[in-house]
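Sending over a structure as structure tokens; questions will come in a sec.
Labels run A, B, C, D, E and F following the written order; every chain starts at residue 1.
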Amino acid sequence: MQLTNRSKQVSNKEMTLMERAYLPAIATGLAITLKHFFAKKVTIQYPEVKRYLGPVFRGRHILKRDEDGKERCTACGLCAVACPAEAISMVAAERIKGEENLYREEKYAAVYEVNMLRCIFCGLCEEACPKQAVYLRHDEFIPVFSDRDQVIWGKDLLVEDMNNRYTREAWTKEEARALDNKRANGEVTNVVPRAIP
Amino acid sequence: MELTEFVIKTITIFVVFVLTLVIAMYSTWGERKVAGFIQDRMGPNRAGPGGLLQPLADAGKMFFKEDFIPALANKWLFIAGPSLAMLTALLASAVIPFGSTFKWDGHEVVLQGVESNIGILYVFGVVALGVYGIMVGGWASNNKFSLLGAIRAASQNISYEVAMGLSLIAILMMSSSLSLGEIVSQQHGGNWNIFYQPLGFIIFITCSFAECNRVPFDLPECETELVGGYHTEYGSMKLGFYLFAEYINMFVSSAIISVLYFGGYNYPGMDWVYNQLTAALGSETGHNVATLIGTAVFFGKALFFIFFYMWVRWTIPRFRYDQLMNLGWKKLIPLAIFNIIITGAATLFLKPLITAWLN
Amino acid sequence: MKEVTIAEAPQGHSGSGFFATSFDEAIGLARSYSLWPLPFATSCCGIEFMATMGAHYDISRFGSERPSFSPRQADLLMVMGTIAKKMAPVVKQVYLQMAEPRWVLAVGACASSGGIFDTYSVLQGIDRIIPVDCYVPGCPPRPEQIIDGLMHIQYLAQNEKLRRRNTDEYQHLLASYNIQ
Amino acid sequence: MNPSLSFFYFLSFLTILSALMVILSRNPIHSVLYLILTFFTLSGHYILLNAQFLAAVNIIVYAGAIMVLFLFVIMFLNIKQDHEEARTNISKIAGAIVGGTVFVILFGAYRKSVVPSYDPNQFDSQVGMIESLGQLLFRDYLLPFELASILLLVAMVGAVMLGKREIGERHF
Amino acid sequence: MLSNQEVAEELLGKFGDQVYDFDEPYGLLTLSTTREDIIPVLEFLKDHKVFQINFLTDLTGIHYPDSPGKEFMVVYHAHSFIHNFRIRIKVSIAEADIHIPTATGLYACANWMERETFDFFGILFDGHPNLIRILNIEEMDYFPMRREYPLEDATREDKIDALFGR
Amino acid sequence: MADIELLPHNVPSQSELPELVEELTTLNLGPTHPATHGIFQNILKMDGEKIISGEQTIGYIHRAFEKIAERRPFYQITTLTDRMNYCSSPINNFGWHMTVEKLLQIEVPKRAQYIRVIMMELARISDHLICNSILGVDTGAFSGFLYVMQKREDIYEIYEEVCGARLTTNMGRIGGMERDLSSTAIRKIRDFIKTFPPVLQEFEKLMSRNRIFMDRTINVGPISLERALSYGFTGPNLRAAGLDYDVRVMNPYSSYEDFDFSIPVGQSGDTFDRYNVRIEEMWQSLKIVEQALNNLPEGPYYADAPEYYLPPKKEVYNNMEALIYHFKIVMGEIDAPQGEVYHAVEGGNGELGFYLISDGGRAPYRLHFRRPSFIYYQAFPEMCKGSTLSDAILTMSSLNVIAGELDA
């Protein structure tokens, strides 16, 4: 039966004499593998050499602070709602006087916890955050855990360290697109060096 | 028996034994490295420089792994299986001629465990027994996958032994001797049997693949079908023995291939080298150095064939059981018989003709 | 003939202090570089395990490229992918069939905690049925993270006393999982 | 006692022991394994008799091939131990009588027979070697040899015919 | 090319008012029929000389707890490759009498799809050769896809449910 | 600690003695057997090496996708479809998005459609690569597997460039793409188009015409077209049986009508046919990718549907309307109409259908996935009947049963 005019018979089951004789095909195979034997190895020696993770890689979570070191998160809970794994939980609190240098908005997350074993790194929280507070770092991933007690990460691990700030080329996809366009047009040339291709 | 002779023999046997073991041990490392290199990977390189301590790590791990015997298994035979496999594998290396002779203080020592006038038959007998280890172990495990593996191994080994023996007969007809030492010395220089017996060589190497249970004939243990085949239930050093036995078998068959078809320790121009060496170093030392070179050549050949085994393993797919049997009985055996006829005809008619023509 | 000399030693059952610490260390090292994994791959993480085995990441560098599908021969149970409640007894049985010393690596969110599949049919983490030595987060984790997990197990193997598996503590741990 | 004589006694002891174990052990697999051991010790005897070729062939053919098939078949059938009970007393008694009779006959034959001695000075050490064996087989006894091979061929063809019969298929 | 109209008319002509509720959501001919007629309808479509709707694409169940007497619905999607024509047939059944004839006689692929539907909803396919659970464990004593049963595993501990109306 | 009773499950190394009474042995293939890739069980009745009958048990990774889908807002279901056929998750993703777009009647711009096509075809290549190379592994040839896996790594790198993950991409959004293709991504795709053919050719040289491989696969696990249709085969497996049914051609979606490609078909539906069909499909996919990339239109990469597609972050800051939409979309309060939709795409294994019933709520009222693996895997006992164990394993791996899709 034929439904379209696009079909194409591909399977040829007739063997030629050469194919019947086993040895030519085996010799071809051996030649191919021998070629690979002497080829350059592609292996990335991981713990010593790290692979470039891509500009938008979704790795470890971070709660950004703004330039003055104030936490951006306002505990609106959109990330928690957007999380398909229900891995994020938080407790909101009102900012009191004297804390203006700590929190940017009047409301802040007193507790912000991510269950790192539940998290599926889908990036929906980053997308949902209206305050650009939560990000998935593109340069780092979560380490392995040896114990169940370590897996819920609180603010102590999530909030950005001001001495070692996390930077990115572009914070939103729109910025990334604009940057990419500029780069494609040759307007930006500071190509970030890559670890490995 | 004279005491010195006894001591010399003991030392020779011990050296042969140790050499076989070390080569088998490093074959496991080699296999992993070769597999890695063929597949564009690095292979083990963390345990020691270049992963050279990998076999020791494996051995160390296996010795200290829990020694487990399944509850429903037949205890004695479960232990006997790997022991038999190891035993038969090691036995075969006794008659391999590793080199010509060592001269020392008037003694002349043959670099061979046992010089026997039925050497090749001995190898054959031992190889024929090799299947018992697998069968007994596979049966004793009381596991269907193991049993299937054992049964496959048994039928495969028996079938391919026939073709192997027939392919050998051509060689025996040419050399009219069963002694491996004799066969080697007949191939003096570059006069290797491979030039006279290419077909026999192909049959023999195919069968040796089957005898060692290597791809494309690794049906007794093929992972994707039978989990681990006959050694599914084996852990710790018992498994180690099985794996080890496989590599020893591989070394032995590589050695036998190089002895039978590639002249063992012979190489082209060895007479010239011998004369140069004896002239330069004196008859005794020169002779010994020449022997050493010959032994090195022999090991080079054997190692190449070990590499060849691995190379093939990581290249081609494996047969199905019935195809394997078809190949063995319907293709290789007739071919081997044909080879015998050709050889017989050639020795009877062609040889006198050529000799007459040459004269 | 290294093997033969080792084989003559009793297997760590004799009195304490029999083995020098350096011997423990040597065996630990040996074990750590010969962790044969049993890839219990059920879903997505199994595909990433293929990548880990592949040429780019190559776990054979750690001596672990020989996957032992028979639990008797494996040292490391790598549970990769969702373990449904239907599968749970199988996982447990495989664990029981493994010979000591055995380690368990839970790869990925599903195996570690159930991940997004907080459902009636999915086991919420394999540590409910078998003891887990190391959890690898991610859904699926990158091969780098799987290698991290493997290296963590190597670290555990190196620092484990030969007799740890006979201690009361360990027996107690197993007993808490109803494993004797 | 010289070494080869003591070796002979040791081998004989082993042979008899393993032969006994063949019939005494309850597990058929064990029986087969003991039988293989018996063949081994017999090969040892051949070697003592300076018949290396026979020794090797004995191992290759009997231990290496035929017994593998035996083992193969037994593994497939997997005769369990509970079949022991099926043996009635009658079969045991019959077995004892047959075995005893054979033993008595053998013993009688041994008593009557004269064991020829040999003269060490005239002993031809090459008598068991492959060359003389070949001379015997292919010159003096060529006809019996060929007849035996034809017989074997017929048996083989018959076995294939019998074994290959599948359901709904008749060859004869 | 086959039009929805043609097929609908043919079906109406053959089965009369046993086929009803014709609709075309997003261009796909949808109709309902009764439990007694579903197999004849499928058979008619399959054996029809012109239509040749001989491929059962999909079979599934739906639970409507709020419509009494029609709590469950079995939906068949069939396909004619020749005409590239799809049709959707629905059958409503009541919870009290949760039976429907099996389509395994017509389509081999219906076997597992019906088992799945049974597994999820408890719909009994009469005449099915092997109507046992397929995806869930045998020991399960409820039908998880019915809307009254919870999704979550009751033993999960690491979640705060009070959060933002989850 | 929660304790689960040990059920009498048969793991391969735990088996009883073969029965003497009937000469058939029962062999348990799975669920931890290496060839089942750990996910389903086949209980095979065997006479020696020959399979008399087989029975399957599945559901070992049943994850209740359809139930979860009833509780999750539309946009979160992407994370489920990602994990359904994880070898080709973008196809699943976009299939789902197209279903919702059909429900919401959103017209997706051409550029987004082309990007989707590129990603879907790359996904198809990676899916078929896995299937065919695993077939190689199951016949014992391991190296070919690792050679092509290197190219799959390249595909993952492209994914990573586009969306930030390797496998579970979560790549599309309702109404378009999450991101545009960056110039790096385009460069990488171009590289891939250039470097993939030699590798695939090499793989073919290693396998396709090798007699051992051909002997192993020809006439192994055949299925007639009639039976295949009755068993609901679609995709490469149906095409191997000889029918050129392809959703991309029959019901073009996402601008597939713009591309020129042919549908490979086999002769008798055996393993060799399936292998060859998949190989050829990779070539065709590559062709499609090349065409799509060369004709990639300029323009927006998402539809103009502010109620459904998240506004730019900048807008959220500055624009009240955008902020409201943002909240509404994230909370899942979009105004989905009532209705029912069936939409099918050509997945890695065949017609991947989404049957969506919406009652206007934040989540689907019912979402049913037509999972091709689930439907055709039931034919396996019939296909392997009378063949040997080795054949059954090759049949199984050539069917490309993906556990996530099988059990959902």
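Note that in this section a contact is a pair of C-beta atoms (placed from the backbone, for glycine too) under 8 Å apart; a residue touches a chain by one contact, two chains touch by 3 or more.
The UniProt protein names, listed by chain, are A = NADH-quinone oxidoreductase subunit I; B = NADH-quinone oxidoreductase subunit H; C = NADH-quinone oxidoreductase subunit B; D = NADH-quinone oxidoreductase subunit J; E = NADH-quinone oxidoreductase subunit C; F = NADH-quinone oxidoreductase subunit D.
Not measured: the values here are computed from a predicted model.
Steps from subunit B to subunit C, minimised over paths through touching chains, total 1. By count of C-beta pairs in contact, E-F exceeds the other of the chain pairs C-E and E-F. Subunit A and subunit C have Cα centroids separated by 27 Å. A straight line joining the Cα centres of subunit A and subunit D is 72 Å long. Per-chain CA centroids place subunit A at a distance of 51 Å from subunit B. Of all residues in subunit E, those that touch two or more other chains are 81, 84, 135-137, 144, 151, 155, 158-159. For subunit C, the set of residues that touch two or more other chains comprises 54-56, 58, 61, 67, 69-70, 72, 85-86, 113-114, 116, 118-122, 128, 139, 142.
Shown for subunit F are the residues that touch two or more other chains, namely 2, 12-14, 17-18, 33-34, 59, 62, 64, 67-68, 79-80, 143, 146-147, 150, 168, 206, 210, 212, 243, 245, 250, 407.
By the touch rule above, subunit C contacts subunit B in their complex via residues 1-3, 6-7, 11-12, 26-27, 29-34, 54-55, 58, 60-63, 65-70, 72-73, 75, 99-101, 162, 165. Considering their complex, residues 1-7, 9, 11-14, 31-34, 37-39, 59-64, 67-68, 79-80, 83, 86-87, 130, 146-147, 149-150, 152-153, 156, 166-168, 403-404, 407 of subunit F touch subunit C.
Against subunit C, the residues of subunit A that register as touching in their complex are 41-47, 50-51, 84-86, 115-122, 141-146, 148, 151. Across the complex, subunit E is touched by residues 85-86, 113-114, 118-122, 124, 128 of subunit C.
Contact residues on subunit B toward subunit D in their complex (touch as defined above): 74, 77, 80, 116-118, 121-122, 124-125, 127-129, 131-132, 135-136, 139, 147, 150-151, 154-155, 157-158, 161, 178.
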